């Protein structure tokens, strides 16, 4: 931490700040310049609130030097994290892993129809929500346990990993037998109680960036999970809130290379939520692969017009299939590949 | 709802949109202009996703006419809501009600010291967190039940209402005996499961605006609570996230008069979180009263330098007392008043 | 325009609003619903301020139906605009046109070195600033006329179009003999006097989106130019300001497909300004092509470390050359191509 | 400036960064910690681009220590700046100076009617635009020189200072004989050529914050003017662009106390543009005074419904008069006062 003192700071004020820093566990190096004194505080702690120094008399600015996370930082594992699954799929390797499926699990028919189609097109994982608390108290709220069972069954049938959203601590145990990846939604990115519990499980977690969360905050939430011992965290860009209202969110595609520089964790992109509207999903999926994403999350529905949620941002299966072909052309430009189409072997 | 068709829309496309609207339960009035057709859809439903129409062929724009909330809207109770408490305090009436106290309950000594000082200065409620899941996994996490008991005891001693944050459904029952107002934090503004449960309790809820939430989304969350039968909701502005980083958040003071126009619910302002730094709390507290707030939430600590959380944004008791005097001068300009200082009667 | 009246609006208020609309030149169709009356105002005017209706008594909301622009809208030229240049280059066709060069023209040596390298790599246009009023009053301010002459000479030598920024009306005439495309910077996007004058010239204009400008505002600024008779306008996404501060701006890649849907005008992307940092330029350039951009603007400098401005966001020539190869792999995925490398024929 | 090196930085990389800093004119103090080296660069230069260091190999972060402005900073004139006018009005003293009037000067009748009414209510300056290039190419564009003459005449008649917006360098000379304060609009906050010229004139400048400008950028623009020798700069908050769209802009009331801490320059607030809608002007004007503003800019029109521009955000004269009375009640809470009403002496 660097504390820049005001030009007018008195020696007494400087000593007071030094004492604070020492009490906080830092060693302090002082540089006395022509105009001002600068205190460099070096130490192992990362969990302090810089504002506690900013309010001290004589302080001009406080700068955090080290990132406030360690386990999530690049230096912790410079070679990068590869999340490996039992069926051989690797997230963070040279394959761009596509996870697709409906917003909500609505019925067996719906789920199996979509699952077969996405598997045929080259997807590696089936996504689908079982719990859907909605912004309106009057809407469809999800199938719950029944949905989880359907997901597992479809996954087994079409050789797809299962990813589904966990919204409360109490759902973790319920979901464990059925899913391969816990998804944490944007609204729960800073639900620290939930993150703490997910740090104790032994399944990968896909953590979505909150719509008002900085990249640093996203990494700090990953740190929360990792500090519990679960290092298989996949981060996900899904759009942030800006003044532009034409699209529901503004997808921060640049977060992909930024996080690849700051962290060893694999990065996902969710253009369905990132744009909120069907005809923007394909362009932003292509852009995400071109920018280096490790994972794509895409909403697909065989009859989006009748979808119980998010139909407007779901691709038709044929659109998804065409998109996959385009992505196969783009991936080599960034040294990546996608699973081939028509790989489907019913088990 | 209004659906504006593209100039180039075919009659077939227009009929298709009309059928959709009818299927959704609307009656449709069509206006055929020189350049384009406009469909006005009228009906009782408020819980639809306009994007489902936007993706239909030939549609240019879809405009929601009615607000997507009803119970929270001004028309539901044009005279305004007054939340009344057993000790005679009324929120939403002609008194600006000040709620103050430390960020976290840290100890009996700390809490009682602060409680006495704020009561003496004219505060009506004591705030303090018992559960403090923090953004860093390494920080103080709150006293839990012990904190709740201390709050109740201090409230009884100094004739202060108790307001404390509820973070999970499981805490509701735990908190019921000890608090007078449930506070829902910004991060939980869209935790719909929690909101639904709070709709069933018979205690007022103070609902904070999320840092990326629009005013409409805040009202929709209030609707969620109210739809369960609990109409005693107080809304709270506490800063939104913008590009300006000098302050932690940008306090949207104008949300106060905006919400007073749109809704009958009382409005609170939290300049402590809205600014994040001590010397900006008093100016923004004054601004909030001048803009018409019904409630002020202020963090006060008798020794902020040693506070276990948010010390940098907590006022010293003497600063709080001076602020209360300033607010007493401002309130009459908006036809309001504050409780007098030194009203303290130990019970 | 649609005016939704409040449920409580009186007949007198409704009549008053109707009269206003008629006075403004609209014909009005009234729909009387169970809960509220809705007025649909149809007419040719696009230049009104909807707030003038919002303040009238009894009005709930006012919705603009038609886009406030006409010439820039898709319907005006559904087949799309192709901007053609004398040397055969076409912007908006099947070639992604790359425009590259230094931030500022610094010297003959610098400019010719960079120009040769970008031409060899497949760029079609040379960019470079001659006028550089800087945010600090103490920095390099550009070579002025001398810079324009150097640009023209380099363009002729290496068969590159010349694009350079115009900042004031007085520069238009000065620049005319030397440049092929006028660039309007983000800060001047709403300098309407400048736009009006550019509407009178017969050279294409590349109009950059302001950092706080919505897509609609960008299209309205294009309309300003086009209303003067100059229809050769290229729009450009170069990053918007958001709460995320890791990158200087957040590049709104999705603006590319959004504008392609709303407008017939070609779309450019500027990942150099959009990110502000060298190692993010290539990923975002790739993303932009994958999202469908017609033009790329890239800052390249043969010795960025010594550049007088924006060195940190300039690519080294070898990085640019590598990027061009990657883009050649991506372009076919969106049905596009790039000019081949080593096409250079000295004239 | 502080440069934090990566943990993995080599000694060679560290030496390279040190050489860069020395070449830039800094003296460098090195702190070698357990985990990383930190370089503190001390020197007089303020005009550098920190990104030039960020791109060097081995650099983790670069922190600017000193503010990038000097003349606008508090330390330059800790006692604060008071801008004095010939008629005795002082901006930055104990009087809150109210400047009011129509958006545009439309006619002699209009201007004199409004001027008399605002003077009677206690305003000290008359505002009004003579040049109105509008976002739509089809709207009223202002009276030009004729408008300036009317402003001067009205100012002389009702003892009001005249403030009007300057949009181009060529207007400065034209305006000099007629106005007392040059207003620079939000869109021109970073028109550095214009700012440089205003640095040479000997009339005060009121500089509005751009809708996407940080407080630091506003101060840097003030520095630009001051570096030319004109120290009479008044800064103005008028709303920033955020995701909240209910109001046209989000007024950052907290910018008032923030700038009062960082700078010696007086601060103005413009709730008319800050909110964009009439019924929010009074609450935000009150809030601004409560937060400590030195100046208020308020749009007033005797017949806003027929105003040629911005009628929707203009107060009726009686609303303005009532607001002034409210402000007179609030000002003493912050140790200020307002000019009395009915002070009018026709000259």
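Order of writing sets the chain letters: A, B, C and D. Residues in each chain are counted from 1.
Here is the rule we use: a contact is a pair of C-beta atoms (placed from the backbone, for glycine too) under 8 Å apart; a residue touches a chain by one contact, two chains touch by 3 or more.
Bear in mind the structure is a predicted one, so any value in this text is a computation, not a measurement.
Colleague: Any chance you could name the chains that touch chain B and chain C both?
Modeller: In this structure, the chains that contact chain C and also chain B are A, D.
Colleague: Going by average Cα coordinates, which chain is farthest removed from chain C?
Modeller: B
Colleague: Using the average of all C-alpha atoms in each chain as its centre, how far is it in Å between chain A and chain D?
Modeller: 40
Colleague: Please compute the C-alpha centroid of chain A, do the same for chain B, then give the distance between them in whole Å.
Modeller: That pair's centroid distance is 28 Å.
Colleague: Hey, how far is the Cα centre of chain A from the one of chain C, in Å?
Modeller: 31
Colleague: Would you please write down the residue numbers of chain D that are in contact with two or more other chains?
Modeller: In chain D, the residues touching two or more other chains are 212, 241-243, 245, 279.
Colleague: Among line, ring, star, complete and other, which best matches the way these chains touch?
Modeller: Drawn as a graph, the chains make a fully connected set, so complete.
Colleague: Within the complex, which stretch of chain C touches chain A?
Modeller: My answer: residues 212, 214-216, 240, 242-247, 250-258, 261, 274-275, 279-280, 283-284, 286-292, 326-327, 329-330, 332-334.
Colleague: Taking the complex as given, what residues does chain B use to touch chain A?
Modeller: For chain B paired with chain A, touching residues are 46-47, 49, 51-52, 54-55, 68, 133-139, 167-169, 187, 190-193, 196, 210-212, 217, 220, 223-224, 227-228, 241, 276-279, 304-305, 309-313.
Colleague: Provide the residue numbers of chain B that touch chain C in the complex, in ascending order.
Modeller: 2, 4, 6-8, 27, 29, 31, 33-36, 38, 40, 42, 44, 60-61, 63, 65-66, 75, 78, 241-243, 245
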